[in-house]
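Lettered A, B, C and D in written order, each chain numbered from 1.
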Amino acid sequence: MKEQGVSQRKTVDVTRPKVWLRNELLRVGLAEFLCTYVMMALGMGCVAQVVTGQGEFGNFLSINIGFGLAVAMGVHVGGNVSGAHMNGAVSFTMCVFGRLAWKRLPLYILAQLIASFLAAATIYGVYYEAISDYSGGNLTVTGPKATAGIFATYPAPYLSLMGGFIDQVFGTAMLLLCLMALSDQRNKPAAGGGEPLVVGLVVVLIGMSLGSNSGYAINPTRDIAPRVFTAIAGWGVDVFRSGNGWWWVPLVAPPIGGVLGAGVYKAFVELHHRPLSGQGEESIPLKKEENNCADRKAAEEVTLRSVINKI
Amino acid sequence: MKEQGVSQRKTVDVTRPKVWLRNELLRVGLAEFLCTYVMMALGMGCVAQVVTGQGEFGNFLSINIGFGLAVAMGVHVGGNVSGAHMNGAVSFTMCVFGRLAWKRLPLYILAQLIASFLAAATIYGVYYEAISDYSGGNLTVTGPKATAGIFATYPAPYLSLMGGFIDQVFGTAMLLLCLMALSDQRNKPAAGGGEPLVVGLVVVLIGMSLGSNSGYAINPTRDIAPRVFTAIAGWGVDVFRSGNGWWWVPLVAPPIGGVLGAGVYKAFVELHHRPLSGQGEESIPLKKEENNCADRKAAEEVTLRSVINKI
Amino acid sequence: MKEQGVSQRKTVDVTRPKVWLRNELLRVGLAEFLCTYVMMALGMGCVAQVVTGQGEFGNFLSINIGFGLAVAMGVHVGGNVSGAHMNGAVSFTMCVFGRLAWKRLPLYILAQLIASFLAAATIYGVYYEAISDYSGGNLTVTGPKATAGIFATYPAPYLSLMGGFIDQVFGTAMLLLCLMALSDQRNKPAAGGGEPLVVGLVVVLIGMSLGSNSGYAINPTRDIAPRVFTAIAGWGVDVFRSGNGWWWVPLVAPPIGGVLGAGVYKAFVELHHRPLSGQGEESIPLKKEENNCADRKAAEEVTLRSVINKI
Amino acid sequence: MKEQGVSQRKTVDVTRPKVWLRNELLRVGLAEFLCTYVMMALGMGCVAQVVTGQGEFGNFLSINIGFGLAVAMGVHVGGNVSGAHMNGAVSFTMCVFGRLAWKRLPLYILAQLIASFLAAATIYGVYYEAISDYSGGNLTVTGPKATAGIFATYPAPYLSLMGGFIDQVFGTAMLLLCLMALSDQRNKPAAGGGEPLVVGLVVVLIGMSLGSNSGYAINPTRDIAPRVFTAIAGWGVDVFRSGNGWWWVPLVAPPIGGVLGAGVYKAFVELHHRPLSGQGEESIPLKKEENNCADRKAAEEVTLRSVINKI
């Protein structure tokens, strides 16, 4: 049925004016940039506030909640245009499972990298005096007054690279498994405009549950761009040396974990949904339902976006 | 009216291809496994983070919120396939009140047990280095560096077995009472795709309100499977001896409490809803409403699932 | 238009079987009892956990969040049957503004009192060992190991009776003002099944904002019934003497505040809604909207309940 | 299409009775007053409770959450009448982008100023004894027992005026950027009655992320009116001198930031939505969708309000 639906809408799309297709790449890229920027700036702001506030302005729980809300706002900002991935591992997994055209991947990654870099620069600017006051102007990656953790993730002292790799694979797998469930219209998705908030709550939960080992990057673009910024802005090459050369783990592990988690959801749940195709529209009540109200809109949105993303 | 609706849909179901009925048990079992695994892994992860983080990465409140969000995500992952019980006491109570066929119960229990065991193993793996670092490699059930509480529940020092039994009966009664209310379409259910979140908030609330006596297992499968895992993984038989032989209480008390709580809701509210049957469909506006939009879908889902579950 | 709607539905109601009217009082009373019991037991449980846990199992914030969630669950449990007032000041205010028949008030108050008393007894039972362990078996109203505050509210040492009276009037006024707004279908109500949660959030907010002076009873039945229970159960007459005879303030001030707050909302917002009556149905798009989907259901519920409540 | 929709509805509006237009200014002004009063009183109450409670009744996180919930309740109280700006920078930005008639701006600002002033007076009254007890009756702007921060914002010691100006511009830009996204019906808005809560969560997030530098006023009317109140009520001219004459920054920076943030959203996302106008209604499925259920109502509300606001 889904395939039928797609072809049907494709025909409808042909009747639209072609004009909006011209700048489609720009349109999607700008939205992905802006939602990633909002998510990253507000998310890193939470960490900056906690680190420089020395316990007076929040704690790890407030970072978890804040970063999750930042993700929710990012989805509100770009959700219906670019899908608001804001995460290279999400975009990569969407490509693997056919929900994003591979040729779109570089655009998404680029938008995410630039946005994360600029968000890091912004938070550095907004918290410049706070960071200077807290660290005495000495920008360090480790030690009691370390501030590099505001921008990129660093592992706990006890964590080996292998342990951190497992941590990042598992965390991203959980993220993508939940995201797949949340967008599965034949299961129990978050309807009624609540998707952004529930996606944010997934990130809150992962931060509370899998955050202490290495700071839950679970996102290559979120981690590398601010790390590069700090290397340039005064923290130096220590940002790459620290944690036994930790920097590559959040780059490599999340895409693997993302595909793993989404694949597990497909294998355990999505593939086993009752077959609905090959039957007349009228004979299946469930199908009619799906065309109703909110569901109809949701399905249409998914369809339209997937058509657009594959162009 | 409900019974009419069921028989009506049964007829419709007969017109469907029978193919999906073949693997229905596998389908439901896999979904129940996956949602329980997600809930347990992310829930126990919160405890692991708090315990090994020594106060730096959360507290009891973050465990309450995290476990509740983990339940919410579990409902999103399996809610429309297996109902996402994730709790042997919930499945048992559903059987008692005719919402799940008794012959389905072993499947649910088995899926929940395997998922909880594997989730415990996963969290042990992901937090292996953190647990080793925290405990000095000495896996203990009691004492200042005890880590068994990451996986299974243990009572407070002051709690007698009788006191703990009452605690678990009452906690599970509150859980099932609320779940019955939340799924009662003639009362004030959580509509619009918000069910998973509200179910999660029930668990948050019980953790905040009834969590300090014995760690609010309120779930036999959630407690025994990780306990067996810890017995095997290095904590030894102390996991069964501790708390004056506490281990059987979360097994026996929750099913009793569940039936009690659900029964109280039925006796005090559900049985007293206005009679709607015995009348023509058209004459009662309330009935027509129930067939609208979200309600209609919700009702249909419930109906379909109950038909399936009774097969 | 509302009046038209009511009379229209009244006619429809007459066509219903009269049988359900017979036990209507019992039906409403049982629902009001059960929702109040759930709210009070889980709410006081949060306080018991924090007090006896000595900071390990929560703090004032967790009491605020927990009591609010308890209110939300109460609304889910009784919302569509009795309206889930769970608060004598709410019932009184509803009577003053014609949303509840005065002859119904004693039933509501009685159900709330019995439920609050039994909930206090339950929490005393569930936390009996914890309270004994914490207080050394010495049940006191004041002092470092005071436990009476688990059940009823007591003012801060600095608070005069006049200051406390103002505190309780203002807190209850804010509660009712917000509740009036949340149920005003021509303003911005919480639709889509989210009402219970939003009502709970109002209580969370009042606890965070107006909780430190005297423990935000803002509810006469919530306060007096557990106070009487503690007087009987071993805390003695100190529960009435303490705080310079504080006990009568949460009885007298909230009803005054409730009427004040609801009146202010009516005077500032509700009375000024655009007049919609006296026009044909078809000519006003807004009216047609209101008959749609969720709104229609909500309106119908309100209408039905108000008809019932006035019988 | 939007323009078509507007003109169409305008015609419909003409058929309404003109009577409600007479007191439209009063109606909008009263609603804006009441929602601002509720937001400010409950928001400042959170700060009062934390400050006077010396850590026993909340912390910075509870202020963040409480102020956000206060905003959410404000939107419920006035949302469908005045739009519930509650913030001079929001009203100003709405004027700049044509969503509010410029001649309405003084009414909004005035209502916000009076409401904020009276809310400050109320909280001073409700917490009078608490403030006296905490401060020993000595009302100070700085120092260990300072209480002026309950009412207006003051910068951190390290913050320069330039740094604070950037902080306020950026914070308000993030606020308006998110608000624009949340009300963009062609993107991913918060539907189903969840708008007030999501707007509140934006404020929670900004408090967690950008709150430590200067207390996130991001609102000129919220800051100046309580500051004037404290100057009169006993804190004296220090409220204007403190922080190197900080008082003008929350007046000047937020309107600039608001226009900047809303403009960025328009430039990066809203301007690039697919063109839908110039086509027949029937040929575009997306358009038909937008006329459905919740969306239809939301669109209509926006349209009606924008018509009203421009009168």
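We adopt the following convention: a residue touches a chain if its C-beta (ideal position, glycine included) is under 8 Å from a C-beta of that chain, and two chains touch if they have at least 3 such contacts.
To keep track of the chains, here are their UniProt names: A, B, C, D = Aquaporin-7 isoform X2.
All of these numbers come straight from a predicted model, not from anything done at the bench.
Student: Same residues or different residues where chain B (Aquaporin-7 isoform X2) meets chain C (Aquaporin-7 isoform X2)? The copies count as same if more than half of the interface numbers are shared.
Tutor: Different: when the shared numbers are divided by all numbers used, the fraction is under half.
Student: Among the chains, which has its CA centre at the largest distance from chain C (Aquaporin-7 isoform X2)'s?
Tutor: Relative to chain C (Aquaporin-7 isoform X2), the chain whose C-alpha centre sits farthest away is A.
Student: So the centre of each chain is just the mean of its C-alpha atoms; given that, what is the distance between chain A (Aquaporin-7 isoform X2) and chain C (Aquaporin-7 isoform X2) in Å?
Tutor: The answer is 40 Å.
Student: Cα centroid separation between chain C (Aquaporin-7 isoform X2) and chain D (Aquaporin-7 isoform X2), in whole Å?
Tutor: Distance between chain centres, rounded to whole Å: 28 Å.
Student: Taking each residue of chain B (Aquaporin-7 isoform X2) in turn, which ones touch at least two of the other chains?
Tutor: 61, 192, 194, 293-294
Student: Under the stated contact criterion, what part of chain A (Aquaporin-7 isoform X2) meets chain D (Aquaporin-7 isoform X2) in this complex?
Tutor: It comes out as residues 9, 12, 15-17, 19-20, 23, 26-27, 30-31, 33-34, 38, 41-43, 45-46, 49, 52-53, 56-59, 61-62, 65-66, 69-70, 72-73, 75-81, 84, 122, 125-130, 132-133, 192-197, 293-294, 296-297, 300, 304.
Student: Quick check: in the complex, which residue numbers of chain B (Aquaporin-7 isoform X2) touch chain C (Aquaporin-7 isoform X2)?
Tutor: For chain B (Aquaporin-7 isoform X2) paired with chain C (Aquaporin-7 isoform X2), touching residues are 60-61, 64, 156-160, 163, 166-167, 170, 174, 177-178, 181-182, 186-192, 194, 198, 201-202, 204-206, 208-213, 264-265, 268-269, 272-275, 278-279, 283-286, 289, 292-295.
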